[in-house]
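Handing you this structure, nothing more for now.
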Amino acid sequence: MGLMSSQDYVNSLKDGREIYYRGTKVYDVTQHEVLRSAVNHASLIYKLQENEKTRDLFVYKDDNFGYSSKFYKIPRNGNDLMERFNLIYETSKMGRGSFDVIKGIGSDAIFALMIITKKIDSYLKTRYYENIMKFYEYVIKNDLGLAVAQTDVKGDRDLRPFEQEDKDLYLRIVDKNKDGIIVRGAKSHITQAPVANEIIVLPTRNMSEKDKDYAVSFSIPPNTKGLKMISKPLKAVETSLNDPWFVLGKENMETQSLIIFDDVFVPWERVFLAGEYQFAGPLAVMFPTFHRFTAISYRAVIGDLLIGLGKLLAELNGIDDKSHIRRDIVDMIKYKEILRESALAASLYAEIDEDTKIAVPNRVFTNIGKLISNETYLNVVKDLVEIAGGLADTLPSTQDFYNEEEARYLKKYLVGKKGTDPLTRSKILSLTRELLSSLGAFFTTIMIHAEGSIEASVIELYRSYNYDESKKLAYYASGISDEMP
Amino acid sequence: MGLMSSQDYVNSLKDGREIYYRGTKVYDVTQHEVLRSAVNHASLIYKLQENEKTRDLFVYKDDNFGYSSKFYKIPRNGNDLMERFNLIYETSKMGRGSFDVIKGIGSDAIFALMIITKKIDSYLKTRYYENIMKFYEYVIKNDLGLAVAQTDVKGDRDLRPFEQEDKDLYLRIVDKNKDGIIVRGAKSHITQAPVANEIIVLPTRNMSEKDKDYAVSFSIPPNTKGLKMISKPLKAVETSLNDPWFVLGKENMETQSLIIFDDVFVPWERVFLAGEYQFAGPLAVMFPTFHRFTAISYRAVIGDLLIGLGKLLAELNGIDDKSHIRRDIVDMIKYKEILRESALAASLYAEIDEDTKIAVPNRVFTNIGKLISNETYLNVVKDLVEIAGGLADTLPSTQDFYNEEEARYLKKYLVGKKGTDPLTRSKILSLTRELLSSLGAFFTTIMIHAEGSIEASVIELYRSYNYDESKKLAYYASGISDEMP
Amino acid sequence: MGLMSSQDYVNSLKDGREIYYRGTKVYDVTQHEVLRSAVNHASLIYKLQENEKTRDLFVYKDDNFGYSSKFYKIPRNGNDLMERFNLIYETSKMGRGSFDVIKGIGSDAIFALMIITKKIDSYLKTRYYENIMKFYEYVIKNDLGLAVAQTDVKGDRDLRPFEQEDKDLYLRIVDKNKDGIIVRGAKSHITQAPVANEIIVLPTRNMSEKDKDYAVSFSIPPNTKGLKMISKPLKAVETSLNDPWFVLGKENMETQSLIIFDDVFVPWERVFLAGEYQFAGPLAVMFPTFHRFTAISYRAVIGDLLIGLGKLLAELNGIDDKSHIRRDIVDMIKYKEILRESALAASLYAEIDEDTKIAVPNRVFTNIGKLISNETYLNVVKDLVEIAGGLADTLPSTQDFYNEEEARYLKKYLVGKKGTDPLTRSKILSLTRELLSSLGAFFTTIMIHAEGSIEASVIELYRSYNYDESKKLAYYASGISDEMP
Amino acid sequence: MGLMSSQDYVNSLKDGREIYYRGTKVYDVTQHEVLRSAVNHASLIYKLQENEKTRDLFVYKDDNFGYSSKFYKIPRNGNDLMERFNLIYETSKMGRGSFDVIKGIGSDAIFALMIITKKIDSYLKTRYYENIMKFYEYVIKNDLGLAVAQTDVKGDRDLRPFEQEDKDLYLRIVDKNKDGIIVRGAKSHITQAPVANEIIVLPTRNMSEKDKDYAVSFSIPPNTKGLKMISKPLKAVETSLNDPWFVLGKENMETQSLIIFDDVFVPWERVFLAGEYQFAGPLAVMFPTFHRFTAISYRAVIGDLLIGLGKLLAELNGIDDKSHIRRDIVDMIKYKEILRESALAASLYAEIDEDTKIAVPNRVFTNIGKLISNETYLNVVKDLVEIAGGLADTLPSTQDFYNEEEARYLKKYLVGKKGTDPLTRSKILSLTRELLSSLGAFFTTIMIHAEGSIEASVIELYRSYNYDESKKLAYYASGISDEMP
């Protein structure tokens, strides 16, 4: 017990879990040519815990559990949240711009479950809080890696869960007995499930009484019988197999899966919600609040990567002093720093949950950061492409640089600003191309949809904003009221 | 000495200062039908100091000077800056969305002068720091109101000061003697000079050696011989004279003036720069850093006012549940809260000047907030107009509501959402119309140009950003470097 | 009969019509200090008909009616629509950027009524088409000026007409007899009604059977008993009274009114719809199709004015060669020329109504132009303000330029680019300021709401677009279908 | 002679041309696993000429040359340009959204060369016009496929060609003799050169006298000695090899190459410019004018594809009635139809070259369309991704659908709106993913950079716009001038 070694973590994944990749069953995820990039990326956090230089950033001594991962430290105030921002931010830099989600997402879910189960128990005399606290203890003591499965496949978006023709289009309880529950359905877009030690399941939306079989939350190991994971194709990893320059693809990719629950059994002690439909909504909102805070923290690093590529390309291309290029780069700076600002404000204006004393990131600032990162990501990509020029697509392949005869020409003709190195320029351009191609669908979709759609954040912001102060000012300014705001 | 009463402040303005308004000389600014709105607005801070309920927000006990205005408290750390944000923010709310600049801008200039004169003295063995410190003591002890004159009229924008055909297009020293200097020129867009006790003059740009007569900074009272102030027409105040509903126009307008310096004498003890051209640039940049922080603080309140008007109109019009209206209001929320976030981040990441121990707002975050407020203000206005509908222009006049025969129809036909009051709706619409008309040129130009143009912030951000971290990440992610960032 | 002289037109307005301005009854609109600007502006078209140089643009010889206004020429094909675009475009330039709507809007309504009444008669055996054709003959023969009243005051936007608490919140038929109908209600934002010879009334939306009393269309003269017009305050005209520089305000302003129908009688021969609720929707959509074509035609000229002001200010300020200023002006060019393009495409892809052989502007292109003009107008204003600089607000008043002592300073200090005239610069800046202030609410609201809101155009575009071709391509490209599109 | 058959076209490519792909020499481009998609795509035009149903669209009978490709028909007026728009538009639809450039780009270059060489000959008594006319005859008679090489590799962007350290960074004449010229250098981003019959070379920018060796234009066959083509990696084709659903990748990809000119000989009769530096600029601008017209024509079809995908996904996902989705799709409609409008206006306002009577697309409208397509493409992609949802990235691979066990789950769980087919939805999502990934760098870079950068169009628009009319209006409106515009 205590911190898990990176080797133990990798070994822990060889447990018979049922994974499919491009139509083929994967027998050992750690040995799979493609998926092992996801294993490697997830193991980064464990390696950083082992590394003397980085250990202090990742490990703290918990009063109850001894040396533990900082990801599992319960935030009690604004400073804890700022520290959590920093943890996620630094991890993402060390992951070459790719966040290692294996502990972040699970802890987001656990904190949300702590808060909501406490309320359920208090209102309905259930005993879920005990379950989540024991589960938390199990996770922190064993330093486990976690996935979180929230989004259902949803079928017809106009119908509620119980109204769907096929009743399984939202995950549901099909049976209960004294030992546990049996669930059926599927969860979409689930990150890193094939390389997790546990999968935490959450409801995806609010539920009415008729939907009560769909109000379900629990945790199970990925090798549970009946659970099947179909990974999306990982183009970035596949591309990297033949491209010695593309280390990010080889080392730091995560995988998203469709998870099938084909009548899966969950023991009662791992159940956190089972029918209490009134709390599906609150839980479905509380998790994203934590997780969107995580999102703006790691997205700031994607902003960093874009700034780095953009500024280097501007310098290497020798257009660093052009007014329109300056504007592009300032756009990138805004993109990144608004995320940092939002995280800061979300921390400082955190709300402390009364029952559990957990610090919840401020909803308004969290969603502002998240919304802006959704809406403007592709605009920043446009900036990058504007700076990069046509070679962002037409750069010859890495293999051409390894063919001596061609390489002679490439080094001669792909020079940029006097004194700069054509190979450096080509490598920066090559990564830029991967961002737009093998990483394109992933980054674009993540930045627009992950942790909730644009519309979801708009609605959340609209609802959660307190208009009182603004209205008071409007009444005063318009002469309707004499009361100074 | 000590805090000035609001009555004393008003009386202090009757000192023979030379002001013009719409082609006519103004003999007593405090009695002038229009300009007295500017007097009234400026006096707000003094009234709030007198008011028991608000005194604590505005007054602190200084170790050296006793009870003093908080605007003159030198910021020493991030918390002081956050307190200053709050001071400006609350003042602006109490001013119906209009900031009372009479102490804010002057203190911004004084802090900048403290930092820069210290450096000049240290490099060039001058004695300006002593002058600014004595001036500061004079200001804080007498609780004075201040204006700051920075922007020159500039003539041909392609030419440096010394290259202009007319040498007076930037303010310059035309003579020096043992008692002081004689200056000639004009400063543009100067806020609240006719109602200030002192006018602090700063250089508008960096200067070369040939420009050294233009490198000049000092402070003088507005009634100094040769100083003439031509106020812009104040449409909002003029409008309010016949409009009982428009209190903001009547009570809370500031005035901008063109100030002519027709061979004005300044005694040496009030001179802070006189020829040390190398420091004109640093001073021209340091003041806006403080002042842009002030800007994002007061602009957050303009955001508040827009949110208040927008949300009320959405409710009164009965379109509060429309998706596109929700989007408009969320835009407004983003506008305002990014300003608050930026101020917060600028405070927490403040840089402490080594020599003077003054906390300077972080340049990156300050300029991000400022830039966004410039670029997106009219987009938020578009949102407001979209919500308000055509009545934002076509609402009958206030006088129509006072004509009984018409009023009968207006009350019948200008109802909105069931149960809401047509007069409330009309008053909110009326203020909305003023924002677009009598306040339109003022608000639009302020939000786009005040405290520096869009391009000025773009250049400042581009220059002051530290790209090292981002580049390191790009090198690591692209496989050029193995060093983890 | 035949073309009306401008003098006869002015005299025709002295007919006892009931108008209110700022709470006071207006006894003769042609003599009213403010409203006479609207009279003057409307009379422009009549003057241009009299003017030898411009007559050919405005007058054609109709086969049935002899020399007639081209505004009343029924469009039969794309070329006719392009000629109509040109007519509106040139009229607006001659109106200093302000369209003279007095014949354009009425003809838009008449064409729509011809098409729809034909259909009503054909379906329901009514005889409205004859009424509109006779009315058309009356209008063209007497060369009348027209207003169109469509927008109801609407009350609670969530309720249909018949559901409103006060039944009069949409204009409705309160009685019918053998001579005609009696109507009650109010219409909002009606342009130039106080200076029209007839007011054409149209329904504002689709109607259900229960709303059938609200399905009403007719025309009446403005001096009809029970009809009262409350003009909005015309700030631009009021401002111009004391400002010799501001000719646009003095000469070319239109007025918008709230029109009260206090049990107004309409004879049957002037009724075009009275209860046929099924056709309220089609009529409510057909008129805007014509009128939005008119809108994009005149808005192109507002674009022209912005380009002219922007380019001149860039040159006068001496910043014509700056990259960000270039960008601003290119934005303006795009704004204007997309409107011209849209009008062109809407003409060339016109739909010819089968029954009446009237050419209807293409709905997609018309709405695209209209939508873009709504959404981006304030962005172009931002460009203009960025170019103009702070003087767009802080320029001294015209009166200051007439005070000799001040004028001496102003001419010295308000110079721009070497060799340019400070008075020219000041006048261009002065007009820019009026656009942002006395004209601000008018222009902003017009450009965002006139001829339908942004959302209205979005919905119209979404509905009227033919997706077949695009879907076929998507099926082919995705391999679902082998049929080449 | 006359029209070439598609089979002859394919055979014509087996001529020993020197091509590299991923570091390996390609011996027969028509047999190469990847590049044959480019061959196939280029041959589409020849197949359509052979196809009875489509022949009339592609073939016309030329007075001099008999049955010829319509791409080679010289445009003489607006209608010819509109026909050319239609030709390109329809070709692109038949190419699954991908334009078959093999005749379009070459004819754009030939038309530009005709106009400019005529002027050179007239000014400098050269004989280039004869050369281009003979070349044109050769091309049209043999129905050849063409590539155009304009963009040099450029080295340091701050230096002119002759100032570069390595003199070869712009293509230059290194020797001349009685038979012809020898050229050295490299051209970047050249489309379809490996599958062309001739490569036309144009200068990339204006030149000074010192750059005169760089002022060079000519045409040569791709198998000319010393000419080497390095193709970019074609990810879309590679992806399609294992993906039976991805027909667009398999059938319709073009290739971009870096072309090396290693001391290549060009006979005089194929030289169109050789040292007349004054005409490098005009030629460098005239070609893009034609080619940007081509660009807005084919880009309209990419708009079509996006609309088709977006609308289908909205329907299949069951979110077709959501306000924010409607907005996304209307954005797409605007994107596409502005391109069509611009092409229309550019045709109708064409300028006829006086000397050659060739119709040149209007520069303002062409560049407006082009600029908007550059600036807003990624915004439309954002719309598409917003509609598509997370499956745009996380959809399982095609192979998963072919594994029966998985397919059972996929068909059950990937259903959308009631009654729609999960496989149809998956295929549309699959193509969407390819647009964002294997096609991502290509489409994004093309849409932002092809046919000139954003900044190039901004500068071109700024320069070519005629401001006279706008200024006249501004002078009139501001009261400076009394002359009616």
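Going in written order, the chains are labelled A, B, C and D, and every chain counts its residues from 1.
We take it that contacts are C-beta pairs under 8 Å (C-beta built on N, C-alpha and C of every residue); 3 or more make two chains touch, one makes a residue touch a chain.
Please read these numbers as outputs of a predicted model, since none were measured by experiment.
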item: Proportion of interface numbers common to subunit A and subunit B (over half same, under half different); value: same
item: Chain of greatest Cα-centre distance to subunit A; value: C
item: Cα-centroid distance, subunit A relative to subunit B, in whole angstrom; value: 41
item: Gap in Å, rounded to a whole number, between the CA centres of subunit C and subunit A; value: 51
item: Shared-contact residues (touching 2 or more other chains) in subunit B; value: 322, 324, 327, 458
item: Residues of subunit A that touch subunit C when the two form their complex; value: 322-324, 327
item: Residue ranges of subunit C touching subunit D (in the complex, touch as defined); value: 93-94, 96-97, 244-248, 301, 304-305, 307-309, 311-312, 326-327, 329-330, 333-334, 337-338, 340-342, 344-345, 348, 364-365, 368, 371-372, 424, 427-428, 430-431, 458-459, 461-462, 465, 467, 469-480, 484-485
item: List of subunit D residues in touch with subunit A within their complex; value: 20-24, 151, 153, 155-159, 165-166, 168-169, 186, 188-189, 228, 230-233, 235, 239, 256-258, 260, 262, 317-319, 322, 324, 375, 377-379, 381-382, 385-386, 388-397, 399-403, 406, 409-410, 412-418, 433, 436-442, 444-446, 448-450, 453-455, 458
